[in-house]
Amino acid sequence: MSSHSRVRLGMVGGGQGAFIGAVHRIASRIDDRFELVAGALSSDAARAAASAAELGIAADRSYADYAEMARAEAARPDGIRAVAIVTPNHMHAGPAIAFLEAGISVICDKPLAATAEQAEKIAAAVAASDAHFVLTHNYTGYPLMRQARAMIARGDLGTIRVVQAEYAQDWLAGNVETTGNKQAVWRTDPKQAGAGGSIGDIGTHAFNLLSFVTGLETEALAADLHMFGEGRQVDDNAHIMLRFAGGAKGMVWASQVASGCENGLRLRIYGDKGGIEWGQENPNQMTFAKLGEPKQILTRGGAGLGGGAGDWTRIPPGHPEGYLEGFANIYSDAADLIEGKSDGALLPGIEAGLDGMWFIGACVESSKADGAWVKRG
Amino acid sequence: MSSHSRVRLGMVGGGQGAFIGAVHRIASRIDDRFELVAGALSSDAARAAASAAELGIAADRSYADYAEMARAEAARPDGIRAVAIVTPNHMHAGPAIAFLEAGISVICDKPLAATAEQAEKIAAAVAASDAHFVLTHNYTGYPLMRQARAMIARGDLGTIRVVQAEYAQDWLAGNVETTGNKQAVWRTDPKQAGAGGSIGDIGTHAFNLLSFVTGLETEALAADLHMFGEGRQVDDNAHIMLRFAGGAKGMVWASQVASGCENGLRLRIYGDKGGIEWGQENPNQMTFAKLGEPKQILTRGGAGLGGGAGDWTRIPPGHPEGYLEGFANIYSDAADLIEGKSDGALLPGIEAGLDGMWFIGACVESSKADGAWVKRG
Amino acid sequence: MSSHSRVRLGMVGGGQGAFIGAVHRIASRIDDRFELVAGALSSDAARAAASAAELGIAADRSYADYAEMARAEAARPDGIRAVAIVTPNHMHAGPAIAFLEAGISVICDKPLAATAEQAEKIAAAVAASDAHFVLTHNYTGYPLMRQARAMIARGDLGTIRVVQAEYAQDWLAGNVETTGNKQAVWRTDPKQAGAGGSIGDIGTHAFNLLSFVTGLETEALAADLHMFGEGRQVDDNAHIMLRFAGGAKGMVWASQVASGCENGLRLRIYGDKGGIEWGQENPNQMTFAKLGEPKQILTRGGAGLGGGAGDWTRIPPGHPEGYLEGFANIYSDAADLIEGKSDGALLPGIEAGLDGMWFIGACVESSKADGAWVKRG
Amino acid sequence: MSSHSRVRLGMVGGGQGAFIGAVHRIASRIDDRFELVAGALSSDAARAAASAAELGIAADRSYADYAEMARAEAARPDGIRAVAIVTPNHMHAGPAIAFLEAGISVICDKPLAATAEQAEKIAAAVAASDAHFVLTHNYTGYPLMRQARAMIARGDLGTIRVVQAEYAQDWLAGNVETTGNKQAVWRTDPKQAGAGGSIGDIGTHAFNLLSFVTGLETEALAADLHMFGEGRQVDDNAHIMLRFAGGAKGMVWASQVASGCENGLRLRIYGDKGGIEWGQENPNQMTFAKLGEPKQILTRGGAGLGGGAGDWTRIPPGHPEGYLEGFANIYSDAADLIEGKSDGALLPGIEAGLDGMWFIGACVESSKADGAWVKRG
């Protein structure tokens, strides 16, 4: 008998033509901790069935409707133990609540929801359920971001003073939402994406990551949002100032119109004893400067880390891991959590989701109030 | 009925404590084209069984002996169609020949073998078999290396003049083979590794990669090999000059004692119209300079590539892929080849393996002859 | 008879123990356009004389008092034609006005003055004088910054949308002003430096540079200034949001407590057709991305620039120039201006100085008003 | 009376249209240690006079002939104490010997001469003269190269094992010598340049620098030289293997046909305890890895250097210095030497020049002998 077991996984969304669903599937496979066995991959029944067949999901476990899927899978002895929700933002709450109520753990794409109301309902369902809830703020899965978090927690940087976070892309520099780009259409539609454009899609990643790494609690923010794309209804560029409990200050820049930027998530943190700098596009190295000493280049799993990054990596330093492996760390940790092997302390969950919703709402509110500071309630 | 099928895969070697076996398994999973169902994971029966159980391989398909595995799997209607051979070099030939004779395709780690005799026998078995043979020179799976190959083939660099390849590590800077490091023990033992140390372990990767990308045929080489580690029996540093058909010249530096280098495989190629430069540790970008124009930064799947790298990638530019995804490209191409969906033109096979064996032998011969040029026969 | 002539130069400040005076002297020498012949190098007479002797200034042209120097030099047939003012900020106005009134051109360190009142008086003196006034915002002398300005002016980036400027140092991370560091003492003393700390010392450089390069007119700013150093009386970290005429937006971060940062002046500019990115610490290259094309690495005087940077450089591309050569470009342009060989269109002057004073004042005002937007009057 | 004095300097070569002469002049001015007062700037009398006038050299100290200049200047009470020789290689010996015999110190561009015979004659003149001889292998003037030398000397890298040096340019990728480029004409003409092309012009720099930094003595080399330019008479690409006393090994690559390379002088040195890597195009930083610890980024004059680089720099870390400042360090050290203030221990002199001549000769000899090892006599 095999000592090996995989968590049986379902998926809502992610059918043909989708983007992030495929990422979730690869992430779930990399460490061989999940088995995809069921799906409601599309609200279009034919597309759902075709997508399921392509993915090797048995026909009787391809559902056209997430509610039916939750019921049916909960009733099967070999039913799924977790579901990945990879639909547009406004379609997170429905399935999340249905599966949580069915006792099935949820791995949900970010941001948590399109509206605060939806978010609250999900939070209530999480509170009422014995099942787990994981939000895929995947950048927290990068080993060096976890390393940075551990270093800051143990005081390597001293008291944090300044945080600079940014996430710059250029794919919305032109008005691609008018040319049939599906990803652009829903992300620029406030009904599907929510009130935030770039702040919701990528700004929340930057905000989540800086919170995860520094452990700082945000007290207030002031934001200047803008729509450069002609006729665009949500922000495509955001300038944000932050104030943290304890006196640290921060800035966040999120943009989807920064010509020449591909996926420029960067994080820089400065304390009174040292500073770190990291960029997602070359995620296998991070610099660390102790004040008054030469800057060091820390590499993923490399020399002198003293534990940390090496715990979440598969191959030796110098062999680059990337976005998918970082995402896989979230999935593998989720498997541990679901199987009761860990408490998932590093995993972003409902609190991170609510933080993100506050961030989006506060940015919009502040910007409408001409950049007035919005305090965390 | 599902349109989805996976290639049934077996593995020889790769049991508990091994390194490259786990890499092969992840690479085979990433694109969901393989299913690992059988193995002779260790020559130690207990370890083989325990390793199989950990990996979810059914007990009756865990073999203590590769020959038995080849016979048994060939006889099963649901037998494996491919086997990954991830043993030390001197243990490639036996299983490779056994499986090829059984009609089962072989995906073999590099270099091809420990000796020229073993290599010739494998080549004969490949020639005699209808099954396929793939050698995992995985660095050819990096999208930008395939991009570079296409660019050179279509003349973007003009006539190639100079090739600079290097592969620098430092993990053998100390004598770790005397301290129980299993990877170091066999790699520095000529009986297991063959006559080449660094030239076999990493030099062949550099040589294979430069040949793959440039398409140049090597005419001769001159080598100066050295063993810096005390009492070491194989080279840990190699300086090599190359001459190519048509007049181009090259240099290769391979080292496992370059303090501070993790896995520094770099390739630089200069033609009369342009040059490219790439390093494996940040594999998602490559520079390309047309003579007399500003240097460009080409990114994996990024703007302006006009096809190429985008064909072998899973996620948008700016989302880094790494070593495992490059390795997965070899596996996914192998699946296509085995399933008859492609002719595997980009895959390294037996010819690349024989080239590598020539390279190792010629380096050793030249170095013994005080760096005299050794011509390709 | 020689066709060669040098502008006779004097200096106020810059005696023993000073920093920026030596920089001005080297900058004035590099292109051999100036000859330092007079000075009031210190308000301490002995130090002034000793400093003059060290620099080869004749004893009778070493003055203990700038007013006397202005009078005496104006009266000499071989008197100075220009004076460099390199005193702390609160000591700019006195000598600047004295020399301007004496008909001697002024090359003044930045920021313009310690207070708005002083600045206005200098401006009045400039308006009333036939002599020239140059403010050494030296970063505008970097060839690639002038290249960037020309590219933006001719539309290479399209309509500018977003500007990110930052200037991060760490030399005030500790309270070095309490340990006798002369540079720190006056720069953190509002009586000498003015109301701005980091915003005056380095923030004005960032603001000047972004204005110079983009040509954008600032409409309003919102600032959050902070003093992290214990007991410090001026800001050592500043977060600023900008709004420009025409709708572009910007952010400025200035810090002197960013542990690990040496002199991190960076400028990034994004338009609807392209973007550029540049950092002062490696000033010989700048990236330029046309939207939808690979990013280019432009080098100082390098291939494909089509004029521009090559006009302000001395040596071929790949031979790095640095801070002193950029500073020398300001001096050489000033020589041309003073000798009537150019109109000094690229030189920062009194307008740039007043802009900087507005910037400092508006930052302080906004920060006191909890980050309210302060409009340009 | 002034405590300031400048070394009176003359120049041979460097008239209108020349390149390196202007570099020498700027380098001599930066630290204000020299005063250019005489010259034989061109063998063409009219050009010599016009060039002198442009440079502010008095007409009676502009000479059409170096021999006359040596005589006349030696006879003047205010005659030059040093002369810079900036002619093509074959024109070094004549003036060098003439000035040395006249008791005037010589600062000579590299390589030492066009032929071994000329070199020997210069060496004899140096031996016979009380005047000093400095060869401008200017890259040894970079602060971080001096830092590296000091670090290696004190054992920071342990026993040196491997040296990788390269110097890659592309300005001769096309046959520019046929299109009137004066620099290319003489550098590709063996009568003026000597037997070496790229090995003489830039390879000697790489060889000198690696010798300077490591202190290693070369025992033998094997070279493969090539002329890619059509009809070119000297090498434009060189591949060289080195063996050092004590067992270290090295490689040198010099190329003037590496498309896309501007002035890529790089040096990498690996010992059994650590390694350093540096590139001239961004000379203000160098990495240093102690084996088993994170790599450090050392900056010119930056944190934690413990002396060293900070001794030869003018401005704080983060303010980049470049090629001209490195060159100026050679000049300023030469001033100290000439004025008896130091013994010039760091200055390249006649020994370095003879080493370079051996290097050129050995490369040519080895290459003609199909890459046979040529031993140092």
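Order as written gives the chain letters A, B, C and D; numbering starts at 1 within each chain.
Convention: a residue touches a chain if its C-beta (ideal position, glycine included) is under 8 Å from a C-beta of that chain, and two chains touch if they have at least 3 such contacts.
As the structure is a prediction and not an experimental result, all values here were calculated from the model.
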Inset, instruction - Could you label the chain A-chain D interface same or different, taking same to mean over half of its residue numbers are used by both chains? - result: same
Inset, instruction - Report back the single chain whose CA centre is most distant from the CA centre of chain B. - result: C
Inset, instruction - Please work out the Cα centroid separation of chain A and chain B, and write it as a whole number of Å. - result: 34
Legend entry - Whole-Å gap between the CA centroids of chain A and chain D: 55
Inset, instruction - Express in whole angstrom the distance between the two chain centres, defined as the mean CA positions of chain B and chain D. - result: 43
Legend entry - Junction residues of chain C - those touching two or more other chains: 261, 287-289, 291, 295, 299, 302
Legend entry - Sites on chain B touched by chain A in the complex: 1-6, 22-23, 25-26, 29-32, 53-59, 169, 171, 261-264, 280-284, 299, 302, 314-325
Inset, instruction - Spell out the part of chain B that touches chain C in their complex, as residue ranges. - result: 287-289, 291-299, 302-305
Inset, instruction - Could you please specify the touching residues of chain A with respect to chain C in the complex? - result: 157, 161-162, 164, 166, 170, 173-174, 222, 224, 226, 228, 237, 239, 241, 243, 247, 249-251, 253, 255, 257-261, 268, 270-277, 287-291, 295, 370-373
